[in-house]
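Both of the next two complexes hold chain A, though its partner changes from chain B to chain C.
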Partner chain A sequence: MNILVCLKQILDPEVPARDFSLARSHLQADPTCADLVTNIFCENALETALQLRDRHGGRISILSLGPASVEDTLRKGLAMQADAAFMILNDTGHLPDSAATAKALAAAIGKLDRLDLILTGHESGDWGAGQTGGLLAEELGLPFIAFVDEIEETGPDRLILRQQNDSGWQKFSAPMPVVASITNSDHNLPRIPKIRDIILANRKPITSWSLGDLELSPDLFLPEHLLVRVTELTIPQAKGDCAFIEGATKEEKIGKLAEKIAAIARSI
Partner chain B sequence: MNTGEATREVFWNISHGWIMYVLLLPTMAIAAYGIWRRFRSWRRGLPVAGRLDRPGERLLHLWNHALLQRHTMRERYSGIFHAMIFWGFITLTIATTVVMLDHDFGLPIMRGRFYLYFQSFFVDLLGLLALIGVAMAGFRRWKTKPVKLVYSDEASWILILAAVILATGFFLEGWRIVVTADPWGTWSPVGYATGFLSAKFFSLDTLTALHRWCWWFHLILVFGFLAWAPFTKMLHPLTSALNIYAANLQPAGASLKTVDFEKAENFGVNRLDQFTWKDLLDLDACTECGRCTEACPAHAVGKSLSPRDIILDLRDTLHRKGGRNEPDTGLIGSTDALRPERLFECTSCAACVDACPVSIEQLPKIVDMRRHKVMEEADFPETMQQAISSLEKRKHPFAGTESSRTDWMRELNLPHASEAQDAEVLVWAGCGTSLVKRNQKSIRSLAELLKKAGVKFAVLGRDEKCSGDVARRIGNEFLFESLAKENIETLKKFNVRRVITSCPHCFNTFRNEYPQLGAPFETFHHSQFLGELIKAGRLKITAASERRIAFHDPCYLSRHNGVTEEPRALLQNTSRNSMRELPRNRRNSFCCGGGGGMSFVDEPPDKRVNRERAEEILATDADTLAVGCPFCTTMMEDGINAAKGDRGIEVKELAELLNEATSGPNPI
Partner chain C sequence: MSEPVSTVITALISPTQERASAGLMGAGQRLSETVGAEHVVVACGPEDSESASGLAHGADRVLLVRSPALVRDRQEVWLQCLTRMGSELNPAAIVLGNDALSQEITPRLAHRLGGASIGDAQTLTAEEGHISITRSVYGGKAMAKVKLQGTPAVVWVRAPSMDPARGRATPGQIEEWDFATEPEMKIQLLETQMDAGEGDRLEDARIIVSGGRGLGGPEPFEKLKELAKVLKGQTAASRAACDLGWAPHSWQVGQTGKKVAPQLYLASGISGASQHIMGIADSKAIAAINTDPNAPIFKHCQFGLVEDFHQVIGPLQEKLAELLA
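On to the complex of A and B.
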């Protein structure tokens, strides 16, 4: 089976609140305020692919769109034992929306051998739009299943994909090729790479394409060309208030506390 | 009588004495074979530098710990009986050599005063001490039975054999004295008494006959013992001495090896030939005394880690395979003691290393095997994986922390190293201090103290990354090296040469491990630096408290680096009451349970090292526990909160205590 996993590099969502800041434009986060990490759901997707390959064999390619720093994300994917890595270099300084991202990814996929399965994370830890997987399927004209946490190969050309939902899960049978967005579960925690594989991963080639190489317009990511544009970002200000409840007895204090809570509840 | 003529007849009552010389040959041959076999197996280890250099220091080490038995004596009862047996047998060996020189080489030395004072009286006395020593050892082995011993038939037979050899020696001496009416007999009081009492029960003719039989019996036993010893732990007089000579002369904190990732074929150890020759010598130097396991904090709280059994199981494998390797069978998991989950119970406190009387280094072997699990197999406890993964992504092990590296320095206006060219020293906060809310107070106290004293210092803020200690102890040497190199580069960029840190783990890394990577720094634990400021009068104690302070020595300060007095001197200044000493203090300190990556592991409440230590602290009359390590602060606060009954103890970092008690020329 030929699998492609799309990996997104994002600002560490676990950055302490005090360190988090916005870029001067107020249209995105300050890219230097936190470390860059691979989006966790993308890592879950890669782990899902690795387990499929462990069971059924096949080949895993990884693909990432972003600035030169996405090489780190691809190296980590190679260390986890992906077979080949591809990057679409976005040196325009502009952030694409989900649709432009899907368009670029689809163009790159067009350069690859026939794929049987294409995986994305179900959403990213920075913007959390959760649309890239679906839009990519649209671009490729393939079926799409979201929120998948388990995939089984059932025959030469069909897969069973298990989708999480609010009350449990449901299973779909889909023909290959198919696009799925992966969510996390107990059994797709990304594996820790072995050190030898990390060292070897640093020596593996990564194929890099510019937008031009993919026959895409260099203006593809310009804000005015995007379907969805960010107009303003703010960091919510956390406000704290502290009051001591006075009272002679425990009962009196509890009574006053209850009144206070009720007053707050009414005011919301 | 003229004492100048005093001597005795060698081979009295013995005919065909030449048989002894004939028997000596096969005895020596078998013993030599046994020793050669061991020697051959050590040679299969990898080369290691710095084990045979500095001969003067090494001979002194050998003198202290082999000949004078200083380390062995740290434990009273076994130390005393071991010294009695050791010195007794050394003396008896010298005495036998004297007989040989006199009789076989014609050197007339077994004569006169030397014969009386040394060869008769002193040897007799030391022989008696050895016999008493063996009896004490037997009493321990068969009566008091401490759990730390290995109860093998071999060990029992060694004691029995030693006792019989000593006893028959006295019989031989006694019977010769009484039968020959030796005029110098009273110079050998034990022998004389033996002969005197024997003569009450047996005729002189019987004793003469008994003497002849006993002589050959004694000879066979001694020769048999000599031939057998190299196949038992009784090779330790040789192997332990060699091991003490080749000991790690660096601080214990400098004992982990570096890995050359460009060239290394294996990361870590899973086969015997991946150890160094010194590691393999360690295995044969073991005397099975069990002090390492007795000292192990993980073992003490009921975990199954046993440094002694790790060494013994590795030794048995070495003996079985003679150092050959069977590539498909790894060491890890091959025996009970070598099960991977046990290796990951180690707090890296080095209590085992410190407890070993014969310089065995258990900790580096545990870390070597962890390295294999972590780097070759990526198979290790999940909580440690989270710490490692956080270190890879965020350069600190505290996944999910809400603190930022710069939280503690808010409103202090501390200059960054890039803009403080005139700084005397850099304050290295460390992740355990800056990213754990409780510990931000201690590092703030340190900064305030330095300000009071007018010390010009800089900080690194967000440019500081984990020193690498956690990664290294968990076994990810690769990550350690990359963190270390990143820090070294940053520090070089800002021209930093002197570093103060309140974290003993960072202290150890800077002091002992960055130099291994070619980057020496003048490193101070803050207790040392603050002590100097007090001595120099730059800090004055103006508000000493009434606290009854006990100090919990951090492993990485005391055992790993031998720093024990500076924190005490400092703390003593802060209170009018005298310091309390915990029962286990200084090098003998008991770990808080947080080292070696263990502070990231969620342990069952009944198997927590900090709980055991907290109970020890609560049993004193101290009202304040002073700590000098961010990991200890967290672990001991948790431990005391869990263990306290109606009595609480305040856990204070030493900079906090000093800050309360001092004022300086400069206002904050």
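On to the complex of A and C.
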């Protein structure tokens, strides 16, 4: 089975609020205010692919779109034991929206051997739009399942995908090739690469394409050409007007807390 | 000939809970008024006449979709059905709810209609001929305003936290829409498993009691369940608590979990990282029990108690059982 996992590099979502700041444009975060990391849902997707390969064999390619720094994300993916790495270099300085991202990913996929399964994270820890997987499926004309947390192979041409939904899960049988966006579960926590594999990953080749190499217009990511354009970004301030419950004894305080909670419960 | 009227479609495609449907109807109605468009509500049908006429009180038109294939593959059928409606009605916007099915089809529907898609909208506006939305980004550390430069704007919204539709004096027209086309069933549903959990899904719960790392182990989460029962609410947990295996992942609230909007969110032993706040910011009231008065969670609270949860939970539950008896 030939699997492709799309990996997005993002600003570390764990950055404390006091360190978080906006870029001068006020249209994105300052990319230097925290480390750049691989989006966690994308790593869940890679882990899902690795487990599939562990069980059934196959080949895993990884693909990332972004500035030159996405090489780090690809190196980490190689250290986790992906077989081949590809990048689409975005040196335009513009942030693409999900639709432009999906177009670029689809163009790169057109350069690869036939794939059986294409995975994305279900959303990213920076913008969190959650649109790329579905848009990529449409670009490729393939079936799509979102919120997948487990995949099993059944026979030569079908997969069983488990989807988390509002009240539990559903299992679907899908023909290959299929696109799925992966969410987190107890079973797909990304593995930690071994030191030796990290060193070896630094020597592996990465194929890099420019937008031109993929016959994409250099204007693809221009803000005025995007379907979804960020027009304002602000850092909201917490109100900080908490009424702390006071009292002479613990019992008195618990009593007051209970009254406040009960008042809301009764109003419903 | 009258002027062609633009349209806003509200798609109630999932058998969602009452509150999410009401909020979604409200969002669609208000957007249609801002745009000066006809408000068309699409729902699964034929329903019982009572709920259809309920919808008609918030819409110019209600389209009840009847499709024999709907039970087998809701994603593909709704996608094709809404694509056809979108092509015929040429709407300015299609508004969907925050259920998994709506989230799944939003980007695909937009792509098929040549429009723009976005999710998790907290507000919807129309400016200079485009729909704009606001949404929380960067793990709750920033708020973005986003302009949808493609038409239609296909948007799923945080429906349960939105105000319901205003009742109209004269109800809209109810029509049935036969969608007999048999979509090509590439994907087959094999099995469905419902969570053992009782009551509302977290997104629709009116009271949520939630625990974090500060609870120190799995046992206190059993106590939270009992407290939730007294309050007729639901239980939730922070990512840290879920990752430690103290609570199931289906309880997880925050950036990588569920986004909730209860009347009261009571957080115990949760420090209040921005990723967690992102999932609870739409709550009407947030309250916390925490030993650390400087915990960031208190910055988001209406009221709070600086105490050890373990010493509070027992007496608090007794007191509440008494007050709400």
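Please note the rule applied: the second predicted complex is superposed on the first by the 241 of 268 C-alpha atoms of A that agree within 3 Å, B and C clash if a C-alpha of one lies under 4 Å from a C-alpha of the other, contacts with A are read in each partner's own complex, and residues count from 1 in each chain.
Note that in this section a residue touches a chain if its C-beta (ideal position, glycine included) is under 8 Å from a C-beta of that chain, and two chains touch if they have at least 3 such contacts.
These numbers come from a predicted model, not from an experiment.
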Exercise. Thinking of the overlay built on chain A, is A:D35 touched by chain B (first), by chain C (second), by both, or by neither?
Worked result: first
Exercise. Which partner, once the models are overlaid, touches more of chain A's residues, chain C or chain B?
Worked result: C
For this session: Considering only touches as defined above, state whether A:R18 meets chain B (first), chain C (second), both or neither.
Result: first
For this session: For A:A137, select first, second, both or neither according to whether it touches chain B, chain C, the two together, or no partner.
Result: second
Problem set entry | Partner chain(s) touched by A:I192 [first = chain B, second = chain C, both, neither] | first
For this session: State whether A:S267 touches chain B only (first), chain C only (second), both chains, or neither.
Result: second
Problem set entry | Shared chain A contacts, counted only where both chain B and chain C touch the same residue | 14, 17
Exercise. Touching chain C in the complex: which residues of chain A?
Worked result: 11, 13-15, 17, 20, 22, 29, 40-41, 98-99, 125-135, 137-139, 143-147, 160, 163-175, 178, 184-186, 224, 226-236, 238-240, 242-245, 250-251, 253-255, 257-262, 264-268
For this session: In the complex, go through chain C and note every residue touching chain A.
Result: 14, 16, 99-101, 103-108, 110-112, 115-120, 132, 135-139, 141-150, 186-195, 197, 201, 203, 206-207, 231-232, 245, 249, 255-256, 263-264, 266, 274-275, 285, 287-289, 293, 296, 298-307, 311-312, 315-316, 319-320, 323-324
Seminar exercise, completed: Touching chain A in the complex, chain B uses residues 261, 267, 374-378, 385, 388-389, 393-395, 399-404, 406-407, 462, 476-478
Seminar exercise, completed: Counting only contacts in the complex, chain A reaches chain B at residues 12, 14, 16-19, 35, 37, 191-196, 198-199
